[in-house]
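Below are structures written as structure tokens.
In the two complexes that follow, subunit A is the common piece, with subunit B as its partner first and subunit C second.
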Partner chain A sequence: MTVAPTEARPGTAALRAAVRPRRPRKGGPVRPSPLIIGFVLVPLLVEAVSVFWPAIQGFYISLTHWNGVNPPTFAGFDNYRRMFGDPVFHKALENTALWLVLFGGLSAAGGLGCAMFLQRERRGIAIYRAAMFLPVVFSLTATALMWQTLYQPNGMVNGLLSGIGLGGWQHAWLANSSTALYAQIVPALWREIGYVMVLYLAGLKGIDPALYEAAKVDGASAWQQFRHVTLPQLRSVNAVVVSVIIIDSLRSFDVVWSLTQGGPYNSSQLLSTYMYQTAFVNTDFGYGCALAVAIFVLAFGVIVSYLIRAFKESD
Partner chain B sequence: MSTYNVSRRGLLAGARAIGAAAALSGCATATTAGGSTQQGGAVTLQSDLSSPLAEKAMQSLVAAYSKQSKYSVKLNTVAATTYQPLLPTYLTSANPPDIYTWYAGNDADHYASRGLLLDVSDTWKTMGNYQSALKTLSTDAAGKQIFVPTDYYWWGVFYRKSQFAKWGLSEPKTWSDFLNVCATIKAKGATPIGLGAGTGTAWVAAAWFDYLNIRLNGADFHRALLQGQQSFTDSKVVDVFNTWKQALPYFDPNGTAVSWQEASNQLIQGQCGMLLTGTFFADAVPSGSLDDLDFFKFPVIDPSVPDAEEAPTDGLFASSKTHNAAAVLDFMTWMATPAAQNLWTQTSSGTVIPANPQATAPSTALVQKGKAMLADAAQLTQFFNRDSTDALQNTANTALIDFIQNPGRLSSILTTWQSQAEQVWKTA
Partner chain C sequence: MAATVPQSPAAARARAVARRPLGKRLRTIGFHTGASALSLLWFLPIALILVISFRSTDDVLGNGLNALPHSFAPGNYSSAWSGGGMQQALINSAIVSIPAVALTLLLASMAAYALSRYRIPLRRTLILVMLGGNLLPPQILLVPVAKLSQVLGLYDSLPVLIAVEVGFGLGFYVFVLQGFMRTIPDEIQQAALLDGAGAFQIYWRIILPLTRPALAALCALSFTWVFNDLLWPITVLVTQSKMPVTPALLGLQGQYVSYWNVIAAGSVIAAIPTVAVFLRFQRHFIAGLNLGAVK
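Let's look at the complex of A and B:
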């Protein structure tokens, strides 16, 4: 099947004439109406007061030693230097990277898989889609409480393992330093996959079915259709999904804070939980803000470099 | 479109005004005092007693006060987890709340030394009957009183009388007696020692550190260590952990996975024999089971070290920037009276001891025994975080849970603990 070239369409000239812009008024460029200025300035102000100003303050605090009680003392880049020698920061960085790869990779793959599986309209398919999406609706703190019960030493996970004869695999999942981080990725995935699935479902719906018909006519296998039609067509959705996943993994805080608070002995500490603990439990606001700046730089860097690459490819 | 007439100049002026206001409100780190000198009006009582039972008790206290006073108090309850990080912000803000529920000891001193707390020496003039230990605890470095204690509780090794009778055991007095008791319980097939230092309640492990350190090295060394005058790599601290290692095989292997609430359930259900805990756990115990519970003093390890006990003291302090010091002092004076404290102990869980000796402590045998134990103690300590800071408590949680799971790594654990503690002291 082919698409008719637009030039051959009749009536194009008339259409063009109809949408031609009105002649500009005399006296140079159009003055935007005050209403438009208002629409731009008011949000800008709100944004400036509620986002930019606190962000700048956060950066300023990161250059000080401040415990919230004494007046802050200027410290230059002391707090940033401290990160290099801080083993907990290293562990948190490592865990965050691991989290990004595992959580990000698995939720993208799982979300796409579920979307592919549930994209065709069959009877009752909406129930399955809703079931997959349901965890997104739950509050993460409530979700965490539920998983905490499952992970208890005499909870359901261990009960299930001993029930199927794998009693030797039982662990105190959240209290064991070698399992705590992975045990927490599971509930986070459980939630994220449904969300990513919905994004991909929307993307799949937008693909022209004609492309698949053409591929079938050319004798493409199911894998070839996926590889050469579906994936390239999902590129714009991918940019959204990757940004969402990166942001979500760098701010994954609620699950870890409610399940282990970064413990046992910092083994499941993420940058976000370490930042919270430093600033709001230890009231070491200077170092806490420095950690927040580091998280911002990381998130921003990763996303911008991905987007630049994605847009270059699409050009 | 142009019927909507917003003048651009007006809009920009407004923008400038908002910007200026934002700039004037100052940066977030400003700590200077401002504010008017308004008189009268209600004073605010900021409370972290957010559990339903305690909040209700506070409400009835405030209502009872307002009924008999010309001043009025407005109760503002904040969730306990939010309260602690916000407390410095409250106290340093230009218009702070007036009165706060908090802990006596190092934490209050910390704020007092920055001039943030109101001198309540006048209230103390009406409190001549209080124990001198409580007065010392409420006095800052400059020698003035800044805290009004309302109640305290105690820690002990709790057990079920019926279980001990079944196992043929009696209360151990010394460390070796204690280890024998542990061995007997283990032989009967139960877990000797419950812990409950799982997620969110890792701090209870610090009770073991506190008591072992107090019993081996004395309360003075313990306090000095917690305030940075001693090192966690000191051989005296190593002794603490080596003693702990003798009891470690008797601990619940899941002790670092379950919360103290579950650990106290295990005790009630007879799955574990003993639990070192503060009396707060009794809030969650079914009232019928409470009669079967008893406790003994943490066993003596070195008889030459004078006994000290943990007696965390709760109470009130006030902001030095309050606009209505007369009302604040009036309320605090009232809270120090037996009448107010009776009301508090009656409406709350009933395992706390009122700070005023003339108030009637709950008459249960348990509370009387606890009160007697504290009265006999040579010194009273507060608890790890109250004798140091919450930041140091965090370093302790890390070190102690690591030790319980990996006792073989002791020396590296202590080195890490010391370096993290130094960071905390540097920031404080």
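Let's look at the complex of A and C:
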């Protein structure tokens, strides 16, 4: 080890240390003045108007039939009943689950792999890391359009395949209903792996090298070191990565909306794209909001566990 | 002395020890080969798009997307810039992102200051409620926000987009900033109080300057988030000339169907501002991502 892992970049280290509060404060100074109460209430009001009130309305609209022209009529659970018989909803749910597993699993594994590979500070490492990280700053839409060009029948992807003798595997990737979804996971992964790598790099820096020394003395193999030292030490980062990935994949609307809008024939429809299409293309606001509630229900577990962790932390 | 002695196991081992630096060097070479290959693979799509963005339409259609360039056509960029509306889109993006980032950080730092430095009743609950609002899937808000902005007569205007971006990001920034501010020692505040500073002066003159590293990180991060957003602009805006960069790129895609060189040029233009922020504020940016991860 040439570099002590405590030598994280000063900014990162300071921030990371600072965000983790050391001890509960025994009450701040004095009673809050009106100014201080205003400091809390103004942002709270902004969030209430732009988030909380619309969210409550969203739940209510999901219980109505509403086409945006006539006033909404109360419909009870009609929209939810409709979901059970809706084949497009089933397809979108299935695709969202698939997206979650493939996109989530591969970006976690790829991000951890890259972080372990590029972990040691050495000459040139910053360039390698920057290359992996660069796509993270692109918008998903720009990323999607870049890959749309690469996926054209005479584009890079097919060119590479025929170059390595797999010409038979060539496809019109985005126009084919059996490949459209998978083809769109790739650009999303290309962008996410660098992000997850950064999270894991920070986590790996925090592992005490003495643990590896001790494991080596005990004769642990590289795999055993990974299994019994690295992974357990990364537990809190893993929890973060899992919530980031789940939230990101439930939000991964941009790629599909930019490339296929859920097509061809709904084969790449996600819950998020189906919701947007239902509400803003077909102006079926009631059913659209019911689909949004379905997304909320799926995200609920993650939100709660994220909040519980945050709660423990702000102790 | 031992020059003629036949190789013994001990001598071989001694030689192996002497040669270890070579083995190490080989491992280093192996690492750099692997890492370069990985980086190149990651960079390949970007390189290809950059090349295509400078090729003429005839060249792309005639020689195929993967061919080596036979032309140099920077005109693609002016097509995307004026014909494709990227110029107006960049202006719109600036009008939206800069006030949105500034307002978010101002409001979030105010709330964070009050919640971290004073005894506010229900302090923790308030922080978590605000953070929870940020974690909601945005889909649940789309229809009501679009309708609310219509009722207020703000639909299809940039101010409503700014308001939505501010409101939806706020909770997360409050959470991160209050965590940061809580670590500032109490004594600093007490000393300022003794010097007769008011609550506002303490906030503006003492706490905010001490929070600069976190603010810088969040600034870089939130700029890219707002700048790259697609969902909110296409929900509250309809007029194509009001769209910021990301949705405008979709407009350009519809306008220049199959002109891959112009679409490539547009994507490059759309990526330049965030890449510039990343390269200029790399350290803050990475720190921001790690801040973003609640530990």
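What we mean here is this: the second predicted complex is superposed on the first by the 257 of 315 C-alpha atoms of A that agree within 3 Å, B and C clash if a C-alpha of one lies under 4 Å from a C-alpha of the other, contacts with A are read in each partner's own complex, and residues count from 1 in each chain.
Keep in mind that, in the parts below, a contact is a pair of C-beta atoms (placed from the backbone, for glycine too) under 8 Å apart; a residue touches a chain by one contact, two chains touch by 3 or more.
Keep in mind the model is a prediction, meaning the values are calculated, not measured.
Asker: Could you say whether A:Y128 touches subunit B, subunit C, both of them, or neither, answering first, second, both or neither?
Answerer: In the superposition, A:Y128 touches subunit C alone.
Asker: Considering only touches as defined above, state whether A:W169 meets subunit B (first), subunit C (second), both or neither.
Answerer: neither
Asker: So, does A:Y182 touch the first partner subunit B, the second partner subunit C, both, or neither?
Answerer: Touch partners of A:Y182: none, neither subunit B nor subunit C.
Asker: Between subunit B and subunit C, point out the one touching more subunit A residues.
Answerer: The partner making contact with more of subunit A's residues is C.
Asker: Please work out whether A:Y195 is in contact with subunit B alone, subunit C alone, both, or neither, and reply first, second, both or neither.
Answerer: Second partner only, subunit C.
Asker: Based on the superposed arrangement, let me know which partner A:S33 touches: subunit B (first), subunit C (second), both, or neither?
Answerer: It touches subunit B and subunit C both.
Asker: Go through the superposed model and pick first if A:F74 touches only subunit B, second if only subunit C, both, or neither.
Answerer: After superposing on A, A:F74 lies clear of both subunit B and subunit C.
Asker: Based on the superposed arrangement, let me know which partner A:Q152 touches: subunit B (first), subunit C (second), both, or neither?
Answerer: Both partners, subunit B and subunit C.
Asker: Considering only touches as defined above, state whether A:I61 meets subunit B (first), subunit C (second), both or neither.
Answerer: So A:I61 meets both subunit B and subunit C here.
Asker: Once the structures are superposed on A, label A:Y265 by its partner contacts, choosing first (subunit B), second (subunit C), both or neither.
Answerer: first
Asker: Looking at subunit A, which of its residues have contacts with both subunit B and subunit C?
Answerer: Subunit A residues touching both partners: 33, 35, 37, 49, 53-54, 57, 61, 148, 152, 279-280.
Asker: Sort out for me which residues of subunit B touch subunit A in the complex.
Answerer: On the subunit B side, the touching residues are 1-2, 4-8, 11-12, 15, 18-19, 22, 27-29, 31, 84-85, 88-89, 91-92, 110-111, 114, 116, 198-200, 202, 254, 256-258, 262, 390-391, 394, 397-399, 401-402, 405, 416, 420, 424, 427-428.
Asker: Would you tell me which residues of subunit A are touching subunit C in their complex?
Answerer: Contacts found on subunit A: 9, 11-12, 14-16, 18-22, 25, 27-33, 35-37, 39-40, 42-44, 46-47, 49-55, 57-59, 61, 114, 117-118, 122, 124-125, 127-128, 130-135, 137-142, 145-150, 152, 154-156, 159, 190, 194-195, 198-199, 202, 236-237, 240-241, 243-244, 247, 250-251, 253-254, 257-258, 272, 275-276, 279-280, 285, 288-289, 291-293, 295-296, 299, 302-303, 306-307, 309-311, 313-315.
Asker: Which residues of subunit A touch subunit B in their complex?
Answerer: 33-35, 37-38, 41, 45, 48-49, 53-54, 57, 60-61, 64-72, 87-88, 148, 152-153, 172, 174-177, 259-261, 263-266, 277, 279-284, 286-287
Asker: Taking the touch rule as given, give the residues of subunit C at its contact with subunit A in the complex, in rising order.
Answerer: Residues of subunit C touching subunit A: 28, 31-32, 34-36, 38-40, 42-46, 48-49, 52, 64-66, 107-108, 110-111, 113-120, 124, 126-128, 130-148, 163-164, 166-168, 170-171, 174-176, 178-180, 182-183, 186, 189-190, 193, 198-200, 203, 213-214, 217, 224, 227-231, 234-235, 245-247, 249-250, 253, 260, 263-264, 266-267, 270-271, 274-275, 277-278, 282-287, 289-295.
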